[in-house]
Amino acid sequence: MTLPARLTGVIPPVCTPLNPRGEVDTASLTRLVDQLVGAGVNGLFLLGSSSEAAFLTDRQRVTVVETVAAHVGGGVPVLAGAIDMTTPRVVEHARAALAAGADAIVATAPFYTRVQPQEIERHFRELAHRIQAPVLAYDLPVAVHSKLGADLVLTLAADGVLAGLKDSSPDLGAFREVLRELRDGAAGEGFAVLTGSELIVDAALLLGADGVVPGLGNVDPHGYVRLVAHCERGEWKEAGAEQDRLGRLFALVDEGSPGRMGRGSSAIGGFKTALHLRGWIDHPTTAEPQIPLDERETERVAHHLAVAGLL
Amino acid sequence: MTLPARLTGVIPPVCTPLNPRGEVDTASLTRLVDQLVGAGVNGLFLLGSSSEAAFLTDRQRVTVVETVAAHVGGGVPVLAGAIDMTTPRVVEHARAALAAGADAIVATAPFYTRVQPQEIERHFRELAHRIQAPVLAYDLPVAVHSKLGADLVLTLAADGVLAGLKDSSPDLGAFREVLRELRDGAAGEGFAVLTGSELIVDAALLLGADGVVPGLGNVDPHGYVRLVAHCERGEWKEAGAEQDRLGRLFALVDEGSPGRMGRGSSAIGGFKTALHLRGWIDHPTTAEPQIPLDERETERVAHHLAVAGLL
Amino acid sequence: MTLPARLTGVIPPVCTPLNPRGEVDTASLTRLVDQLVGAGVNGLFLLGSSSEAAFLTDRQRVTVVETVAAHVGGGVPVLAGAIDMTTPRVVEHARAALAAGADAIVATAPFYTRVQPQEIERHFRELAHRIQAPVLAYDLPVAVHSKLGADLVLTLAADGVLAGLKDSSPDLGAFREVLRELRDGAAGEGFAVLTGSELIVDAALLLGADGVVPGLGNVDPHGYVRLVAHCERGEWKEAGAEQDRLGRLFALVDEGSPGRMGRGSSAIGGFKTALHLRGWIDHPTTAEPQIPLDERETERVAHHLAVAGLL
Amino acid sequence: MTLPARLTGVIPPVCTPLNPRGEVDTASLTRLVDQLVGAGVNGLFLLGSSSEAAFLTDRQRVTVVETVAAHVGGGVPVLAGAIDMTTPRVVEHARAALAAGADAIVATAPFYTRVQPQEIERHFRELAHRIQAPVLAYDLPVAVHSKLGADLVLTLAADGVLAGLKDSSPDLGAFREVLRELRDGAAGEGFAVLTGSELIVDAALLLGADGVVPGLGNVDPHGYVRLVAHCERGEWKEAGAEQDRLGRLFALVDEGSPGRMGRGSSAIGGFKTALHLRGWIDHPTTAEPQIPLDERETERVAHHLAVAGLL
């Protein structure tokens, strides 16, 4: 599909089901997508952090986009991450994703290499120029180790370089500054501001965000669709209750034992284990070198699902 | 060539000359390699940070390794970086580099994703197992945002997973711990410990390091060859004088104006500008989104070369 | 006064006026306090970061608390920061502040020294035990370089060690977790949750925060009192508009030129310059080694005040 | 005593013995000082990080300086740390230490507050101007969270503001730059460059450092005196062997169990436990909120001492 006038609502970062050999399990992927679309999400974000984009080979990345784009057939907008270190490499990923059917590209600032705002600006300008497709900036300091400044985002929005922002930084104050300046006229109508802060969606939407990209939305898409609907109707009390319920469910990302694995293994493992327990994907397999949840940890994830009424 | 019993001496991280369109300038690359080999370096490290590996596309990376491996024809060992975020992606780069003629692979811990020592250990084990070729661990906290612990390196050395360490962390205390424990018998004879700390080579070799991987060695390979020779003969005073001269020359990496560019642009720009001024490569072009040095900054680089007697 | 059942509303971190010799200007201090109390604030937080507590000598700290406590005479609760590196030093500051008339103590985790959650927990337990007065934990990662975990805060709340939390971390997700668990019964009724995030007060109060500690509340206390009143009445649209107005005014903290000074000098300088321009304090003097705003920067602060209708 | 023309050799940061009530144990302190002086150290550094300066009250800090200065009676130079957040507070500590008998003051850049090089320069200039006594800059990024730039140190050295540098940063490259520029004439003869890197003293002295401030020097002062003597005679092989022995002994700082305490508790606890086991101090007590070593951890420290021939 072509993108809507502005991206809004719930756009989950779709997990990438893998089979035990580490290859993309396309049957599980389309099944998961059907669950998400059936729950009423407003778009799909492929190849983001929760999709394990950082772990997928180039070939696997293309498989994911081709599979989903062909499956949804324009029913909802399909965004694809082009996660790599620098402009030339990001351009290649972006072109491959567009060729495979993506409607828009999501890209971070350069990482691994040491850059300043000057190089970051140049990166997004060059990327947008070379791919001639909508680009959303992905602000993810925990992975990229730099923060996109409000000034930089607003300049690139005003110049038409960026079509939107996916903000996964913890700093809601800077996020609000972007929203306020956009409302004050700093960019066109179509610029989409999406939050990745899945635990404070009500707060982000109160401030004016257009939508949310919740990793937990893979596991409970209905909950996030209800939450956003409450926010849109100004039902803040009901929104808060739904968000609190999702917040408790989110504890499933911390069940991987700290002594045995890092937080990344635990979070992705928690999501995939929950999807497997719900019967939406065939294997809870995560990509190397992540450490899989063991039986006891899996039971604790199951407990969270049961408490949330999802099992 | 097959690797020597142990890598030693000067192994510069070879800059990757680009033409103004951003493509690999293979003629300049072989010319640069001839200069380095002619100066007496003991090996070549392709696709490292100073090689702009983070900026090169997969195709360009293969071109670099193929060009150099074919050109040197086994005359010196050729190491190749396999710089990417996670195990599956690093394995693909490593296989491509080995197929193109590399003798050994240099790889960092995972980055972008959040990992702990457990996942880092799993990463190196899986990598070595899957490529069946010598792997050197590359410790570069400024880019990778984690530090390889001495314990982890020593365990992987003792188990034969790693063939060496390229240490570009600033922490010489931890570096010495690795060297001391290796001497005390923690691993086999062949394990190579290389330092990337190009400003304190004498100190690193005093502690027992086997060799150095100096970015500035592109610009002044003769200097580093002399420096290492002094160290090997225990001529610490002469070594110190040579290292001090190289330390002054190193100021050329800081000539990119802070207001205009970041430190990465300035450093790589400084190296390539110096190589261009020396006539060793045809263009000072750096990869996107790095910002090139301007005329005034180029003159300051030229001044440093003149003072060092290289122009 | 004794503390109210629970601290709520607007509790500004009171700036500490200094005369040109760097001594506390008590006349300006009481004048500023009169303005704040007259605007309807619900409490005063002395010796916080905006009060330049880090710069005041022990004697000056006592002068500030004595002056204000005597002046307000129990009219509003008076909180005092006990900002120092470790338990024994914090205990001394806390005792001095209580003796000078403070109603409660605000303290951070240890800093300068390297601590883990175990030592942080011990710090707060020992502090509360030794001073036998209400202690609020001050979470300020930008200064303290560690983050108070939600688990730790909840444990100390449940055990009656802490009387409240002043959260100046950017992570609203963790903040919400504390609020949710408190509502779910993790601690008694009296535990106060205050946010230092002065740019997203509406969002924080939507999530259930009890009050706000806004540095900008020195300059525009009426604005923050209106903002909180809107939030309490569920007038989120009006609250958003007021918060946006205050957000624009907040730009006055960035008028100190980056080339000339750091962000701390610029922010404290901006507040004090604004207070001086409003006629509420006699000198814009900031403590050493902060760099004062110059004439041009002062004019820009005046411009922000004029736009906000405060001059 | 007045300071020597230049500080050189071994200057241990003297541990502060405490009794079980947390008060300074002056009898143990003088006994420890006697051991250090008897071993041939060249000076004493009181109130540094290994002295738990961050934990001592103002009164306790004065007690330490008075006790030691009176006890050594000018026999060796006595340096005192003035560890606090900002200029006015550091000035007060410095004056108190000088009045108590210190010969020179050691001070860090401001911390807790956010400063840039401009404020750091102003801090040292104001401090030196106000106390009119020798000031050594203390570069300790792990605690202060900023790094003193070589340029800044050299400027302050050339202007006579600083009498020396105590470098406890891991970056030996920057350290060498300071040493090289000083040799090239950037400052007067008397400027002392001391390293806090107790694990690479031979490397630091090879580069030209004047002396070392080793925390482990409390436990094995004879070892450090021998090590420096070897370096001064150019006996690098013997120096390396001695340093390796001390490096193995240094493992005693890691015996506090990670699950039970942070690295600070473990390191200071390790030093004091070792001093207690050697019979040099009466109690291994550390200051609050540090967690003491337990019996099993103490046994492991004893084992390290036994292996080193110190028990």
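Letters A, B, C and D mark the chains as written, and numbering starts fresh at 1 in each.
In the analysis below, a contact is a pair of C-beta atoms (placed from the backbone, for glycine too) under 8 Å apart; a residue touches a chain by one contact, two chains touch by 3 or more.
This one's a predicted model, so the numbers in the text were calculated from it and none came from an experiment.
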What chains touch chain A and also chain B? none
Greatest centre-to-centre gap (Cα means) from chain C is with chain B
Give the pair among A-C, C-D or B-D whose set of contact pairs overlaps with that of A-B by over half, matching residues by number. C-D
Report the inter-centroid distance (CA atoms only) between chain C and chain D in whole Å. 35
Just the number, please: Cα centre separation of chain B and chain C in whole Å. 49
List, in ascending order, every residue of chain B touching at least 2 other chains. none
Could you tell me which shape the graph of touching chains takes: line, ring, star, complete or other? ring
Pairwise chain contacts under the document criterion: A-B, A-C, B-D, C-D
Spell out the part of chain A that touches chain C in their complex, as residue ranges. 170-173, 176-177, 180, 197, 199-200, 202-204, 206-208, 234, 236, 240, 243-244, 247-248
In the complex, chain D touches chain C at residues 22, 49, 54-58, 60, 83, 85-89, 92, 110-116, 118-120, 122-123, 126, 142-145, 260-265, 287-291
